[in-house]
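We just call them A, B, C, D and E in the order they show up, numbering each chain from 1.
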């Protein structure tokens, strides 16, 4: 395998006609979309619509039944997950996937894997190069932890953290691979409103400060509508709408399949509250 | 609020993990018979721990009750085996779903109803679950682990309902659910409650929680810092700001406070050091 | 964590390390053959255990084949260093290389055997991998018994003396006297074993603390997450096997040097199992534990047997009742049970608590107060 | 051809005994995710008890007693040791059972010494001719018993509440506890059942054409490992298939060893393992084992 | 290794010089002679190990009551190796300095591993084995006919009896390892010389069921089966021989028999088909040595006797005869013992063994073998079929050199 170019050149992540079936179930069917560099792109849809499956196809965890995945000019379709990661695609998991027994610091250092070199021999012998490398990256890990707000947790085993903290560690870890594209699967699930808001702010910062493009799966419509630049909507594995948040929000197909606001708004029922949270519509 | 008989009562419970991590500090909480009680709180406030203590599973996490007592009706259940607590009708939908991923959907539901000896009431319970979540009926023979996150959440709730609970404890049921489904679940909770089950709802989605709840508690650092009728809390400015997302629009420097800045990683510098090292 | 505590702990560690270095250095002046040989077996076993712990404890790959890789190292050495000679059951061939070179190559051959296993080790998980690796033991035994011209079959082969730049690890050549003590085979091997154990330990410690060790641990805990972080899971699983077989190979070479003869019987299932026991008793994933576990398992029965005559409740050899060996078998079995029953992280856990190192789960209270994130946002509510 | 069939029959009859032991492995594994190395010495214990009691209780009574003792001991191992272990690491628990096995096997072989444990079974050395083939009746009995047991276990796990409780507990003990499952009882019963099975296997291992059991029978029981793995560690049905495969492969490779003498001898020792490796390369979780799922 | 005076290690002191005109080496004092025994009392060969020990103990107790050797009491330092190789090796290094020699070391891996060391240390040793690979050592004692000779004599006898005839096929089920290989060498030689076809079937020591091997042999149409197996495998073979309708005679090497087999389901089949070939007398034999052993055994031990006990008694007597000789020569050092060994040319063991001749260490001390078969009796469970004899074939057999 060739060493991937270690640049930060933002590149377009595109899915072209991807289909993924599991036995009889078609989870994703002929879906295409592009994540333009430097934007936040949201992928929304009802439960089971195939969003996480898309993520898994994009990151090489699943091989698509049909279709191609591209990063810039590079074909990712047949890449294995670690090869995709080495190309600078970072991700978080819907169901947290941390090494529970390792400390937060070690979990973050793990993500530096593609950026570091020391092999078995160099590490084993404790060569000065390996140690220098380790020190430099520890420094960077600290910076990222600070950015995400988990500095105080650095030496705790991740298994003992509360759900929300684990989510933050996941984000920090994804950032630690220094991605050019970041895939976030439900980053604010389990966070309360002010915490979500903080997270939203952070995602914007990631886009603006780091120039990273973000593909976001999220059910918190307030968040999606306020930070996404573009939205793709899936239903039953099919793409049913695509466009700006404002545009998608009006789409009747989206309303009936997913948002259900139409019903909520007419009845004025309080239980439809998540959509009426006050951040809705306050696009930056 | 102590007028009505209590379904469940947490009396000044303290709990900790290991020797040092204190997760609950004299937490007190009451679930009146037939009520829906919501618990709000930041990450790490101890909400999940509170539920673990109620269900007796804290010990599986290295936790320990250091004070106080939990009552179902008049019976103290603090420190009992989870199985015995279930026998008192206290059923929990744990955080993170915890469905049995290798079992089929149907088998998961059977596990939920495993204590129901009566076949007919088991069938009724199942029908009710399928009624509430039709997708589960469609997927009844699918391995649960292969379902989407939301589907799994529905299954987790369905599984708990199979036990015909007297008190249902829900730990973040809206986690990862699409708005429509969240609505649906809110309805389901109301519906379950109407059918006679008292509910304790731990939720980050305060809108939903305060929407369906009659009472609410706010937990902070393992302590109850605020409680009252849900409608009252809804109008508390602090609650509105913290849990309902009221306030300044995103990007407001004052509201968000000074934010740490992260510079992009300098790949070329990293490459330079490496080549210097190599030469 | 207070600075003082850390500092004093560091001092304690340093003191412990220097004390053991001194003990290891002067021991041959005082100990007789029996103890030196036992010590050497312990050193050698500890090297092997470190390797298995890297594999099973750190990378999470269960292997019942460690004994096989020991055999590969041992026999590779015997073959590479041995000449063509007449054995008990026929002519034997050997490469006749200088013994030091043979020893190094043998370790490499063992590593290569680990690599050959990678199609299997890369695909299987957990217990499946464990039982699959069990096959290697039986295949190994089969080969050792049948490939007689190299292995000597059932009778095995004599082990050539190791010599390094004219210095042999044997009774003489050169004759060596230190402080009036003749340094024979056992004394020399003692230092060799100690030195190799030291190197093996430091290497393993660096691995675990470094990039590669972390990667192995994530592979253990969550393969998908690992690969999504850019870690080539198959590569790491294979590497872990190679690494551990290198350790096993080194242990194998050392052990046959002490045994004087490589016989297939020794490298059976029981050997693999005893290595697993050493790892678990010492503490999965703990390197000092590995060393402790190896010393414990190797030395316990020997020491018991040594002092058996002074244990009144044991029957004398040939008598009815429980003999010393049986007794030490019971004790061995029951201690394994007891350790797992009562000591969560093996002997390593005991050290840790003796040295006051807090268990990772129970973080100190001062940290507990900080667990609340974003303290600036804490609600100020009327109580 | 007759020779082939004879070998086949022999392989099948040995394979079924492996299957009985392997079912025990799978049941324990399914319920508690522990690989029970003590199964071999439990088998020996059961057989020992049967031999000790058969004069007093008669063969069937003694078998019942042996099964009961083995079940009780296996159950007790779970209740008093495995459950109370300070760790839940599966590897450590497997080693725990190894420790038990070492102690138990040492004691049993001390007691048994060079004795050959032979059973006063009703089949004795009698044989039945099936066409040109002569099969010991004891092996026919083994076949029937094994088939019944395998089917029973399959049904038990698949359809009864106990079976579902076993599987649920295996996967997530905490969630199972939250559903009111008595996971302790589930674990103890599975171990006890497996212990009883081992005793039955021990008896059939010692009846005709085998002259009896020696104190090394627990080593032979190791052959059930590849059997259980070939079938898939959590599949009792698979254990039967795996047992048959191992038995037949061993018998055939032994019988035709001359034809492939370049592979060395005795082949029967390794052939089962070689076949296991090949099957695992093709199906990493055995023929019928639950595939490890990765859903992120 | 000897140690100098100013060493930090404790000084064992080299063997003191003559007190009664006898040179003394390690393990010898004015009143005692210490001999080591490394055997298996708890491992896979515990039964044999125990029996060997009992026989030797009976001999030395008797010897010591009669005044010992050179006026010195002979003491056995018996250690249990559990058949574990490293344990045996550390036991050796633990004991070596304190003993004159090793009365017994059990296990051929052990012997193979310790051989060079013992040669270096001038240790005289008796291995618990009859393998011809052990011949040719100046420091090793084999008492009796080797495994290959047992088979050759046994096959000759079967020919003589008409149990098999020229042109027949015979099978040989043999253990992996020393016993099997050595016996197979003998049977191969005999088959070659006598115009028989030999079919070998190797089995591992752990196998308990040899039915499939018997099936294979049946398929080859064998007229007899040789068994160099464990007793359990012998019973299994007999049962299979009978049950499959093959019903051919079985001839076993001496370790293939144990009296306990009579109590198994295979007992009848064994009585009908099985013979054993060995060079030492049966436990219930009518010779003075065996009578003595029976008497003492009954007085000392309660277990059912094992066939090999008379042998170990005789073998111990051979070892002491060599020590006696060394004493006569006035040299009870290790070198003295080595020198005395080949001087023994005709040793009588009370009739237990045929006359033994140690003058050529590369030759077994006897080539005679007797034939016995199972019988219900509490004393070893065997009855004599034919007295010890050397067949012509065995007499001409060129011994392989180890």
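FYI, a contact is a pair of C-beta atoms (placed from the backbone, for glycine too) under 8 Å apart; a residue touches a chain by one contact, two chains touch by 3 or more.
Not measured: the values here are computed from a predicted model.
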Original post:
Measuring centre to centre, with centres taken as mean CA positions, what chain is farthest from subunit D?
Top reply: A
Original post:
Does A-B or D-E have more contacting C-beta pairs?
Top reply: A-B
Original post:
Taking each chain's centre as the mean position of its Cα atoms, how many Å separate subunit C from subunit D?
Top reply: 31
Subject >> Interchain centroid distance [CA atoms averaged], subunit B/subunit C, Å >> reply: 46
**OP:** Mind checking the centre-to-centre distance between subunit B and subunit D? Centres are C-alpha means, answer in whole Å.
**Re:** 43
Subject >> Separation of mean Cα positions, subunit E and subunit C [Å, integer] >> reply: 38
Subject >> Contacts with two or more other chains, residues of subunit B listed in rising order >> reply: 17, 21, 42-45, 146, 241-242
Subject >> Contacts with two or more other chains, residues of subunit A listed in rising order >> reply: 52, 61, 93-95, 97, 149, 160, 162, 164-165, 194-195, 198
**OP:** Would you mind listing the residues of subunit D that make contact with two or more other chains?
**Re:** 106, 110, 265, 269, 294, 296
**OP:** Would you mind writing out the residues of subunit E in touch with subunit C in their complex?
**Re:** 1-10, 37, 39, 41-43, 50, 53-54, 57, 78-82, 85-87, 89-91, 93-94, 96-97, 108-109, 112-117, 120, 133, 176-178, 181, 402
Subject >> Sites on subunit C touched by subunit D in the complex >> reply: 56, 62, 119-120, 123-128, 130-132, 134-135, 138-139, 141-143, 145-147, 223-225, 228, 269, 273, 276-277, 280-281, 284, 322, 326, 329-330, 332-337, 340-345
**OP:** Please name which positions on subunit B make contact with subunit D in the complex.
**Re:** 55-57, 60, 81-83, 86-87, 91-92, 94, 98-103, 107-108, 110-112, 114-115, 143, 145-146, 159, 163
**OP:** State the interface residues of subunit E toward subunit D in the complex, per the touch definition above.
**Re:** 42, 44, 46-47, 176, 199, 201-204, 206-209, 211-213, 215-216, 219, 230-232, 235-236, 238-240, 242-245, 258, 260-261, 263-266, 268-269, 306
Subject >> In the complex, subunit D residues that touch subunit C >> reply: 29, 35, 81, 84-87, 89-96, 98-104, 106-107, 110, 222, 225-226, 228-229, 233, 264-265, 267, 269-270, 273-274, 276-277, 280-281, 284-286, 289, 292, 294, 296
